[in-house]
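This is the structure, below, for whatever I ask next.
In this document, chain identifiers A, B, C, D, E, F, G and H correspond to the written order of the chains, with residue numbering beginning at 1 in each.
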Amino acid sequence: MGKVLMKGNEVIAEAAVHAGCKYYFGYPITPQSELVAYMAKRLPEVGGLFLQAESEVAAINMVYGAASAGVRVMTSSSSPGVSLKQEGISYLVGAELPAVIINVMRGGPGLGSIQPSQSDYFQATKGGGHGDYQIPVFAPATLQEIVDLMQDAFDIADRYRTPVYILGDGMLGQMMEPVEFTERKAAELPPKDWATTGTRGDGGPKITNSLRLDPDDLEKHNNHLQEKYSKIKENEVRFENYLTEDADYIVVAYGTVSRIAKNAIKKAREKGIKVGMIRPISLWPFPEKPFYETRENVKAYLTVEMSAGQMVEDVRLAVNGYKPVHFYGRTGGMVPSQEDILAEIIKMAGGDQ
Amino acid sequence: MGKVLMKGNEVIAEAAVHAGCKYYFGYPITPQSELVAYMAKRLPEVGGLFLQAESEVAAINMVYGAASAGVRVMTSSSSPGVSLKQEGISYLVGAELPAVIINVMRGGPGLGSIQPSQSDYFQATKGGGHGDYQIPVFAPATLQEIVDLMQDAFDIADRYRTPVYILGDGMLGQMMEPVEFTERKAAELPPKDWATTGTRGDGGPKITNSLRLDPDDLEKHNNHLQEKYSKIKENEVRFENYLTEDADYIVVAYGTVSRIAKNAIKKAREKGIKVGMIRPISLWPFPEKPFYETRENVKAYLTVEMSAGQMVEDVRLAVNGYKPVHFYGRTGGMVPSQEDILAEIIKMAGGDQ
Amino acid sequence: MELVFERTNGLTEKPTHYCPGCTHGIIHRLVGEVLEEMDIIEDTVGVASVGCSVLAYDYFNCDMTQAAHGRAPAVATGIKRVLPKDRIVFTYQGDGDLASIGMAEIVHAAARGENITVIFVNNAIYGMTGGQMAPTSLVGQKTATSPFGRDIALQGSPIRVSELLATLDGASYIERVSTHDVASIIKAKKAIRKAFETQKNGLGFSMVEVLSTCPTNWGIDPKESLDWVKEKMIPEYPLGVYKDVKGGK
Amino acid sequence: MELVFERTNGLTEKPTHYCPGCTHGIIHRLVGEVLEEMDIIEDTVGVASVGCSVLAYDYFNCDMTQAAHGRAPAVATGIKRVLPKDRIVFTYQGDGDLASIGMAEIVHAAARGENITVIFVNNAIYGMTGGQMAPTSLVGQKTATSPFGRDIALQGSPIRVSELLATLDGASYIERVSTHDVASIIKAKKAIRKAFETQKNGLGFSMVEVLSTCPTNWGIDPKESLDWVKEKMIPEYPLGVYKDVKGGK
Amino acid sequence: MLHEIIIAGFGGQGVMSMGQLLAYSGMHEDKQVSWLPSYGPEQRGGTANCSVIISDEPVGSPVISHPSVAIVLNKPSFDKFEPLVSPGGILIVNSSLVDKKSSRDDITVIEVPASEIANEIGEPKVANSVILGTFLKLTNAVSPDSIIEALKKVLPERRHNLIPANKVALEKGAELINK
Amino acid sequence: MLHEIIIAGFGGQGVMSMGQLLAYSGMHEDKQVSWLPSYGPEQRGGTANCSVIISDEPVGSPVISHPSVAIVLNKPSFDKFEPLVSPGGILIVNSSLVDKKSSRDDITVIEVPASEIANEIGEPKVANSVILGTFLKLTNAVSPDSIIEALKKVLPERRHNLIPANKVALEKGAELINK
Amino acid sequence: MINMEPRVVFNEELCKGCSLCISACPKNIIYLADRLNSKGYRPATVTEQDKCISCAACGRICPDAVITVYRPKKK
Amino acid sequence: MINMEPRVVFNEELCKGCSLCISACPKNIIYLADRLNSKGYRPATVTEQDKCISCAACGRICPDAVITVYRPKKK
């Protein structure tokens, strides 16, 4: 197919189509409305269905319905809309339904702004909804990476019967870059014999449900979920190490911020500061290994986020007191500049060098 | 007034009335429906208003409206209903409106069960909604404690212009205990000259709002919020130390679980194990001080929750690698028994003693 | 002896958890009978809502999905739109579920003309949570949250859902029936069948509003409850067909 | 010279951010004029919704609260119910806000007979987010999310909100007006005044649905947009009074 | 002094109010008390139970794993709680409704034909008071007078006519032990 | 080679498509490119801008703090970006619409009377191409042929009649530099 | 000859004793038995089977699908 | 005598050049000026003030409350 120049939001959509997703339910919100519009045009072409729901709440529940009927389905929104989906997401988890949920984050809280942000990290990784659960969360940094991660997201959703988050930000959604859609071999996945599609041909009635009135049952179910999360932690961690081999200092950043950080790191190395980067790609399960491997040797970590400090907690938990963990964040839709990050690296390294 | 025997849900309601709350908007859900029913009867008696909203979403937005008009107002719900309020809560934060939100937690995820649980700790303390924010969260352990904490909750809400959570669980809501409603001197609070009540008598129009399209403005607003959170962290931490003076081991538990843990600790001390308890009363701001003060000397911590492990992360962050932090949790509405906790304490202390 | 009447195969063997005399049970049976008589049990996916009928997923003998409070029409939409055209999808919702928290979802499902069937059980109260006021509670009705009786000035007037939805072009078949005596039960079954046939023929959204009892929270016995439906509810909620696109209404 | 017409004091001095020729501006002005003429600017709290009119809080010269998408009626309820009786509360909502995500809140505010006034701006599209389909988009209308034109089979039929809400007992005054020429603008103002008077007299829920343009997302110029309202929208959305409890309607 | 009491039976049998009466009476005597219901849909047609603690010390956990006294009013409750009574504890059975026998020898089992006795008194509604009478006689958890005081508070005026019958029932229940 | 370009002007001035054209052309020449719009309500009546990066290396951050080239089509954009151009960089001004002068001496300032030139060509729509012509001549970021190729892709069929005029405009823009 | 096979049969374990069948029976032959089923309810029952006219009114109103109704074959 | 005080006055900075006033004017005397205001719009304007009949149609249709209208006092 070759390279095409596309907007991030459209890449997410097209990548989903490539991953075999034929069904989309969603509600427009800036900065991801192009994704919605793209799906409206594209899905009929592949014999699928695009339906604009009356709200984010309706959308996530339509996803619940479609997922319970056994199809690959997704929805997308941005921060306030994702907050509205929290009950529905908790239901997807409780009923163990596979679905992919995109959050192209914008500045908060409240109506906030429509500029890029990473301030829904907690919501995505710690469970914004009620109950004990985790959802695999992937954060692409480039449009090309989206293509792979969308395929992974749908496969993981089906393999573990869980919703999966893709976390982007307004910048990723709005920017254009050349991408190439490569074909990938379909993963081996268990059959969806639990799907409620009518009983004709199979045995007794099947039930999709998250209610377990007997606390004993519900505890069993929760234990089953926790076991599933252990498996995901074992198998689905994704991260990138950048120049960490010889690093004295490590920057931790994900998504678009990691790209800006990379530029700053290059500049810092030019100044002779040995600095590298750990880029979590799966935000949950959080990549603890690269920290275990570096926390003995490096001098300090610097977490950079478009937030007031969220991922930094997971970094601290992983570093577990071995070394100082610094934080630099911008909020409200402000994007940290390369210069700012460079200045923070220099500060961490102990003054102007 | 003397002692009265009341249900926890009713104590919450009556305590709110004592704290000067005249307005309630909410939607029924087990296990806190008695609170709603009590308010329906009680508020007309004090010249206030009870209104059953069409949903939790409508309720939190009615609260937003009432709060913007400058009155003391509250709502209450249980886990799935609180998930639905996340967008509204983020709006309250963004617009800096005072309100008190009760979550009488039940087992999750999804529809879950109606039995007691503590699995919405993350949602309450890390921000279940979108954007960077924190909300003061208080967790009473006895019905008598509710009386004080409700008064505090309303005062803190007004003083800092923030929503405040009270986290209970089904057990706390359903049980009866004698309580006494003591009168307390009203706190000194800043006037609500920001309330949108019509401009007659004051200057130009006032605005309640969470939108700041200019990212620069929104960042300033976020910085202002973060400063506010620093102040709250300084002034509003609440916790109880129980037999920690000479303790080798410390159990960490909050809410009703702490009561069960206390019984277990008594039994353990009878067996000669020196064990104490840190009981966080404010879950955010999380009481870090008692950990800083003990982490040098004790041998290990045991966090007990009705969850798959949520507060334990904050405990780990506070202990910061100094000592092992163990976890024992029950989920889905199961309540840890005194015997179970005792067994865990013994395990931590290194075998049967 | 020849068999005149027996338990339908449209229901499972499970005893229901409903209170004695609660007409939820009758309505379940009617739906089960219609599924069986139309021979669509195996093609049907039901959507249980949140309310006393939350456990309906255990009672209907077809594939079932449990939906969040109020969202059954959205869940049904998701199911119906992705399955082959010959599958039948229905929701079973109480009045708190459908008319209060789920108002947006039901209006939009009707407006879209979703080809689903909605069984709407109107018992003028919230049963499961212990008898709070529903949007359908009658003026003056005392409930846990209208302890002084529903007051128009404070809580507004009852919502007549059938009339409301009938204004939407997308709604194809809407009828209000009751279960307060054997004759009306027979009529109710006919309406339910008509609704499922509307769906089967691809005509779009169908809903049957069934007036039902809640002896437990009304605080009267099962028989008195039937009388209350007849004397108090029907005048406020007149029975009849409110929309029948095919019948030209 | 004597003054015939000037900018009303019901609006602030701030220039609006609306696109050239967008009739949101006209509707703002009419509301401002009515507030001024009734001398209630100082007693009024307005509720801005989410849509192009989100910044309305900067434009009306009264106290303003900004509400979450679709929830303005709930926010207005909260305000109205806790303030002294003489305060006037209104919401200003687009069709995406009111008729899509906010359907439950508007239906229930009307059903409760909330004594508030709703200015409902129907421009058959989502303006702010870039021209997606609204529940009010016309059949065949091409939008970002109905790229092949709104198709009844896929997306259902337009929702006529005034007709829908008029079925509720709690709704006291409901009129649909337009802004496509000077005469209809004058009539629109009269309706808005009537609605605020309904509230002032404590009669309950009032709503004026105002047909409005979105030249930007309709992709035609401002004048053609007025014609589109007249020729395309009014036939689907007939103007007139749908409910007037006092006028016996 | 610490009494950890579980009362269990069918939904409509007055299990909850029996427990609340005990808690009220304990409070009336300035003891520390707590009452915790089992709640939820099992009430709907199923069984219900409540836990009451009466103690001199502040009540720690309101949850009772092993009751010192279990009062069971129907078969399912017998099956559920008979094994849980703590050794040395007491199991009180309404033998008018439960025809099962306990096989445990480490607890005291008392069978009270409460419904029959209530019928003898001429007021079937006071069966639970008969059982309470037996319970109080056995444990002295609170005094029968406190129960009567509590009844006055809990019952609506128009039902105060039932108080004398309840008094008799408490006495009849106590008498079973003297025998 | 690394060009970090910001193009800014009023909402309707074609700022975004100008940037996309550049990005397309860069991709067409197998260079690494990115395009990032400023988005949001400021478009509604306000000003808009986009950032384009054309580079030999993979693009790090799509965000540009200090452009190597700024193209400004209205006064507010001049005020915003003139100070941000990196030292040694280029500021291209559509002098038909902006009558301001830069006071900076560490950058190259080029004034292009683009609207006048476009009117001379007889097609007011190609003013932006005149500016692109100047830009390409100055920077060689991509070749004018690539722009024409990109135009063929981007323009709908019925607008292909505008391509010759655009070609002329690119040339006229380039000529300004030869002078 | 009176046919004494039962015409109306109650699945007693399912019965909740709500008495709706009693109110529906045109012949007034249903009553609640004096025993309790395992759920603690007094089940509905009929002894005068020969009076039953097999109208199935009880079956149609029973919320718990407790009742099966037979009709004697016409000779 | 023709009264030459302006009858219709435009607050040009507010004008967005949408031309609705032009379509509403019964005397057809409004046009867009050839200059740009600071927002980049061509503001509406009137030169033939004496032709204005002070009907205020322009003012009533203007979405941006740009226009003030006066009427000459009757002598």
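The rule is simple: a residue touches a chain if its C-beta (ideal position, glycine included) is under 8 Å from a C-beta of that chain, and two chains touch if they have at least 3 such contacts.
Predicted model only: the values in this text are computed from it and were never measured.
**Q** From subunit B, count the fewest steps through touching chains until subunit G is reached.
**A** Contact-graph shortest path, subunit B to subunit G, evaluates to 2.
**Q** By number of C-beta pairs in contact, which chain pair leads?
**A** A-B
**Q** Between subunit D and subunit F, what is the separation of their C-alpha centroids in Å?
**A** Centre separation, subunit D to subunit F: 41 Å.
**Q** Subunit C to subunit D: how many Å between their CA centres?
**A** Subunit C and subunit D have C-alpha centres separated by 34 Å.
**Q** Report, in whole Å, the distance between the mean C-alpha point of subunit C and the mean C-alpha point of subunit H.
**A** The computed centroid separation for subunit C versus subunit H comes out at 60 Å.
**Q** Tell me, which residues of subunit D touch at least two other chains?
**A** Residues 18-20, 54-55, 66, 68, 100-101, 103-104, 108, 128, 135, 155 of subunit D each touch two or more of the other chains.
**Q** Among all residues of subunit F, which ones touch two or more of the remaining chains?
**A** 40-41, 45
**Q** At least two partner chains per residue is the criterion; list those residues in subunit G.
**A** 16, 39
**Q** Applying the document's contact rule, which stretches of subunit B touch subunit D when the two form their complex?
**A** It is residues 23, 25, 49, 51, 53-55, 57-59, 61-69, 71, 73, 87-88, 91, 95, 196-201, 205-211 of subunit B that touch subunit D.
**Q** In the complex formed with subunit A, which residues of subunit F make contact?
**A** Against subunit A, the touching part of subunit F is residues 20, 23-24, 27, 32-37, 39-41, 59-63, 65.
**Q** Which bits of subunit D are touching subunit B when the two form their complex?
**A** Touching subunit B: residues 12, 41-45, 47-48, 54-55, 57-58, 60-68, 71, 74-83, 87-88, 104-105, 108 of subunit D.
**Q** Could you list, by residue number, the parts of subunit H that touch subunit D in their complex?
**A** Going through subunit H, the ones touching subunit D are 3, 5, 7, 11, 13-14, 16-20, 23-24, 39, 41, 54, 56-57, 59-65, 67-73.
**Q** Tell me, which parts of subunit B touch subunit E in their complex?
**A** Against subunit E, the touching part of subunit B is residues 3, 5, 30-31, 113-115, 170-171, 174-178, 256, 259-260, 262-263, 266, 335, 337-339.
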